[in-house]
Structure formats: structure tokens, C-alpha cells
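Next come two complexes, and both contain chain A; in the first it sits with chain B, in the second with chain C.
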Partner chain A sequence: MSAALPLLASEEFKAPGLGLFEWPPILASGPAWFNKPTALMMLGSLLVIVFAYAAFSRPRVVPRGMQNVGELAYTFVREQVARPFLGTKDSDRWMPLLFTLFFFVWIMNLFGSIIFIQFPVMSIIGYPAILAIMVWVLTQYLGVKRQGPIGLFKNVMFPPGLPKWVYVLVAPIEFLSHFFLRHITHAVRLFATMMAGHLIVALFSDVGWHFLFVALTPLGAPLGLIGVIMTILLTGFELFIQALQAYVFALLTAMFIGGALHPEH
Partner chain B sequence: MSGVLAQVTGDLGSIGYGLAAIGPGVGIGIIFGQGVQAIARQPEAYGLIRQNMILGFVFAEALALIGVALAFAFRG
Partner chain C sequence: MKLLAAEEAGASIILPTVAEMVIGGFAFLVVLFFVGKILVPRIQKTLAERTDLIEGGIKRAEAAQAEAQALQQQYRDQLAEARQEAARLREEAREQAAQIKVELREEAQAEARRLIEAAHAQIEADRQQAFAQLRAEIGRLSIDLAGRIVGESLEDETRQRRTVDRFLDELESSSAQAVR
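So, the complex of A and B:
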């Protein structure tokens, strides 16, 4: 392309790649695991803890300050995430987990759009994977406890009301999907959206930087302008996707727990 | 003449991702199209419809996202 458009690039533009997701340790003499995502993860957990403590530690009948925000958030998670899948009684029991998951995932995603931080921690597979493994262990434990080990397999692999020969197909598919695939996609969904979003925003902002500041040429300038505009638009889109993915993560957790507790639904 | 009939060079992962995005694209279109139709027919069931719409959307979307992840995973 650069041969066809000699005015476009005085030096080669290099698109950002997977190097965006590799971080050196913060302290040169410190442990190798202590890099920016780990530090952000600790900051994110701290923020969630401080928020929940400030909102719910000393509840008053007439809410003031942080308690107002906390109750708004709590009501949202309860009405939109927990109740549709868990019912009134069980949702109160599991709300602490769902509330924490929603806000933890959200704040970790939100780091991707906060200036000077600008790294969504969930775009490294380890972080969503550990949450998904936690949910996996929890749902299998609940399933075995509520339905018994035999009953769990029977409910999953042999749903009633199908012709006999269909079970040859249904049983292995349901087994794989219920015990493994849906939990793997639970983690991969969050990871891949965050990674793809971060890559795209980085690509467009890099285009803007390169063609407007590093190599300003008459033909390259409009391209750089497009890059800047797209960066702004996509950052807005990312803010929406980040909240949606946190919501979906909590929603699917509620669905898995509800499925383990009440297999008939 | 060699045994190779046609050859593609470059980043095959991108092509693979493009192919992987077709199905989920169609699926998500159907989901939201039918969802909007359902809301138009029965606006009072908005909450319930939106919930199930998003649920269906994330299941379809997961396939495209696996495509993104695998495009990077299998990059030579």
C-alpha cells in the first residue's frame, strides 16, 4: 500500500498487537507476578470493598450519602439479575455474591476507559478464568447437594419428555455443554470482549497518533482525524459494553446457580 | 506445475475470524429483530423480553468471541 500511496506514509505504521497485554513487573527487584494488571486487580477489589463498606456498614432507616448509591445498585442487581432466575427467597441468599461479582467485574472493565490507567484487567484470561472456575465449583457443589450425584447427571443428561432415541444425541451434548462448555464460554466471553475492545480502541488511537503527530502528511491527516473520531466513539461504545459484560457475567452466574438449585426450570 | 492449485498468504486468522462472525451476526440480527417485534406487540412485557433478548444475544455472541480468541491463538 505504501508503494501505491507515496504521500501517505513517510514511515511504516505498525498496528498494536498482543504486546498490549504483556506487562513487565512494576518493581525491578520485586516479584515477577506483581505487574500492572495485578496492581489494578488489588485496587479494584479494594474499591469494591470500600464502596460496600461505606454503603452498608451502618445502615440507617433514612438513607444518606453512599447508602443511597448502594441501595440503588443493590436494587438494580436484585431486580434485574437475581430475582428472575432465583426467586425471592434464594435471591436474598445469593445477593452478596452476585452484587460483588457485578461490581468487581464492572470496575475491572472500567479501568480500560479511565485515563492514565487504560487497561481492562479482564482482558487477560487468568482473571475471568478464576472467577468462572469459582462459579463452576460452586454450581457443581450446589447441584450435587440439592439433587444428589445421580440426580444431577440424570437431570442434566436425560431431560424428561423426549423420544427415546433422541437421548443418544442429547445426553453427550448436554453433558459437555452443562459441565464444561458453558463455564468455559462464561470466562472466554468476558475475556474476548475486553481484549477485542481494548485492541480496537488502541488501534484507532494509534492511527490518530501516528498520522497526526508522528508522520503528518496531506493524505495521512484525514485518516488520522478518522482515527481520533473513531477513538472517541468507540470509547463510548466500550463504556456500554463494559457495563453489559459485567451484567451478563452476573446474570449467567445467577442462571447457573438457579439451574443447580431448581433443575425443573 | 506444482501440486498447489491456489495459495493464500498473510494473516489467515483474520479470514477465519471473518468466517466465524457470519453465523453469530445473522443470529444476533434475528434475536434483536424478533425482540423488537415482540416489544412492539406487547410493550408491557418489556423487562421480560429484554432479559431474554440479552440472554440469547450473549449465547450467540460467544461464538464470535471464540473466533476472536482463536484467531490470535492459532496465529503462526
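So, the complex of A and C:
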């Protein structure tokens, strides 16, 4: 893009790059790890706790105020995430984890579209990674506990009802997929969509800023306008993607747990 | 230097650092503790209570309805029973009345028969008595008469009686034939 634009602008437009995800420490003399994403992680955690506290600290049989919102969220996660994979009985057992995961991820994602904050924390790979690792540990533990170590491998690598020679292919693929790949993609999916979304919104808002304010030219102005419009549209899209990715993350977690508990499904 | 930094940035964007994971993991566990361990169970309990309450209400309503139906059925049964009982009593009364009528009639007839018989007996006794009196009277009168006619006093009691009796017997047998 930068190669095509010098004709239009006196100052060269530089598209934002991966530097967007590199943050210096907030305090010059403070620890290196304490940067914007870390601070947002803490803020987000606090917000989730505060929201849950406001909604659920003293629940009433006849809900009021925040409890209504909290119950809406709770029943959404229960009906859309937990019950399809865990059934009615196991759902209640795992709802604390799934509800927390969904809101934790969602708030962290939502920071990408909140003005002045504007950074989705989950676009830093470490955060989705640790969540995926926790889910991985949990599901392997549950799998071994429920199916036994041998049963777990047998159920994963040799699903019944296939012709014998197919297992030559299925066993290694299923092994890799079940124990590693699906958990890696669990983290990468969230990380990549958040990162890409943030990058695209940043790019368009940068286009708007550059061509309408930094270097306003007759030819560049329409491009800047397009940048602004696209920023608005993509922010709306991002709001949807943020919630969707949080939903997908919790959904897959429920699916993994369900698979560990009931391998026959 | 700048180029090196950019390359490092490119690598680090897909490689998690330990610091991120420690902070992220810690933050999530804290949230999980407060939200998952403390707060979510509360709302679960409340939702369960609400379900219980609603289901309990429905169950209570169903129970009340069932009870009302049972009661209605009971009343109906009782009513039918009462009707049957009344009909039975009426029937019984009718039967009793008929029986009493028959008994009374029989009694009256028996009484009447008895009275008639008593009257017959009385009449018979009176007749016998009258007959006996008459016999004695007739005997005396006849002797008186015969004595006057014959002029001979039939003083001899024994003969006199024999004669009278013989006469009366003949008379009786002829009158009995005449009566028949």
C-alpha cells in the first residue's frame, strides 16, 4: 500500500504493524512485565468480579436490577454452551468454570472496542495460551479419571465402527488432534481473531487519521473518509466477533469436558 | 538495531512469554475463585429455589385440583348412595305397609271368625239351655194337663218321669226329623 500512495500525500503513510502488540512498561523504573495489556488484564479481572458480585452476591428468588442481567448471562451460557455438550446434570457442575471463562474472555476482548482503552487483551498470545493450557490439563485429568489412561487412548485413537485398515490413518491423526492440535487451535483461534481484528481496525482508523488530519489532500480525503466509515463498521463487526470468540472459547471448553466425561458421544 | 527489534517483535507475537502466562493464569484463577467458586453457586442455588418454588406451586395446584375432584367424586357417590338408600327405604316402607295391611286383614278376619264362632257357641248353649228348660216345663205342663184330663193323679214319681221321658224322646226324634 505504501508504494502506491506517495503520489497522493506529501508525507508517507505507514501502515500500523505488529508493533501495536509491543508495549513498554508503564512505569519506567517498574517491572518490565507491568505494561498496558497486563494492567488491562487486572482491570478486566476486577470488572468481571465486580459485575458478578453486583449481580449474584445477594440473589433473590424474584430478581431485581443487576441480577436480571446476570441471570440473562448465566442462562445464556447454560443453555447455549453448557447443556448442549454436558447435559442437564453435569452442566451445573461445570457452569462456574464456563461462566467465568466466557465473561473473562469476553471482557478482555471487549477492551478492544472501548474508547481510550482500545486493546483486546486476548490478542497477546500468552493469555489465550494459559487459558487453553488450563483447559488442556483439566480435560486430560478428567479423561484419565473417567476412562483410565488406557481407556482414554483407546477411545481417542480407536473409535469403534471403522474398517480395520482405516485405523492406520485415524489413530495418529486422532492422537495428535485430540491431545495437542485442538488445544493449540483453541488458543490460536482466539488470539489470531483478536489480533487480526485489532490490526484491521487500527489500520483503517490510521488511514482516516492520516488522510484527513495529518496530510489532507483532495485526492486523499475520500480515502480518509472511507477509512473512518470502515473503522465504524469494523468496530461494530469486532463487537460481534469479540462476543462470538468468547462464546466459541467457552463452547469448545464445554465440548472438551463433555468428551472427557462421556467419550461415547 | 531497529530491524532487530522488529524481527523480535514478529517472533514474540506468536510466542507466549512466561510473564504473560503467569499473570494471565493468576488473574483467571482469582476471577474463577470469586466468580466461579463463590458467586455462581449462589445464583445456581437461587435458580434452583425458583424452579422448586414454581414446580412446587404447580404441584400444589395439581394436588388441590385432584383433591377437589376427589371431593366432588365423593359427594357424587354419597348423593347417589343417599338416593339409592331413599329408594330402598321407600320400597321397604311400601312392602311393610302392604304386609301390615295383609296382617291386619287376616287378624280382622280371624277376629270376625272368632266372634262368629263365639256367637254360634253362645246360641248353641242358649238353645241347649232353653231346650232343657223347655223340656222340664213341657214335662210338668203335660203331666198337669194329662192329670187333669185323665183325672188320675200321677203321683208315682218314677212312673211319671218314665212316661214323660219316653214321650219327650219320641217328640224329640220326630221334631229332629222335622227340623232336618
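Everything below uses one rule, namely that the second predicted complex is superposed on the first by the 258 of 265 C-alpha atoms of A that agree within 3 Å, B and C clash if a C-alpha of one lies under 4 Å from a C-alpha of the other, contacts with A are read in each partner's own complex, and residues count from 1 in each chain.
We take it that contacts are C-beta pairs under 8 Å (C-beta built on N, C-alpha and C of every residue); 3 or more make two chains touch, one makes a residue touch a chain.
All of these numbers come straight from a predicted model, not from anything done at the bench.
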**OP:** Quick one: classify A:248 as touching chain B (first), chain C (second), both or neither.
**Re:** first
**OP:** Mind telling me which of the two, chain B or chain C, contacts the most residues of chain A?
**Re:** C
Original post:
Now for A:195: first (chain B), second (chain C), both, or neither, which partner does it touch?
Top reply: both
**OP:** Could you tell me if A:68 is touching chain B, chain C, both of them or neither one (first, second, both, neither)?
**Re:** neither
Original post:
Between chain B (first) and chain C (second), which does A:84 come into contact with in this model arrangement: first, second, both, or neither?
Top reply: first
**OP:** Give one of first, second, both or neither to describe whether A:18 is in contact with chain B, with chain C, with both, or with none.
**Re:** both
Original post:
Is A:185 in contact with chain B, with chain C, with both, or with neither (first, second, both, neither)?
Top reply: first
**OP:** Figure out whether A:177 sits in contact with chain B (first) or chain C (second), or with both, or with neither.
**Re:** neither
**OP:** Jot down the residues of chain A that show up as touching in both complexes, chain B in one and chain C in the other.
**Re:** 18, 195
Subject >> Residue numbers on chain B that touch chain A, as the complex places them >> reply: 48, 51, 54-55, 58, 61-62, 65-66, 68-69, 72
Subject >> In the complex, chain A residues that touch chain B >> reply: 18, 80, 84, 185, 188-189, 191-193, 195-196, 244, 247-248, 251-252, 255
**OP:** Mind listing the chain C positions that touch chain A in their complex?
**Re:** 6, 9-10, 12-17, 19-25, 27-28, 30-32, 34-37, 39-47, 49-50, 53
Subject >> chain A residues within the chain C interface of the complex >> reply: 17-19, 21-22, 32-33, 37-38, 41-42, 44-45, 48-49, 52-53, 55-61, 67, 70-71, 74, 92, 95-97, 99-100, 103-104, 124-127, 129-131, 133-134, 195
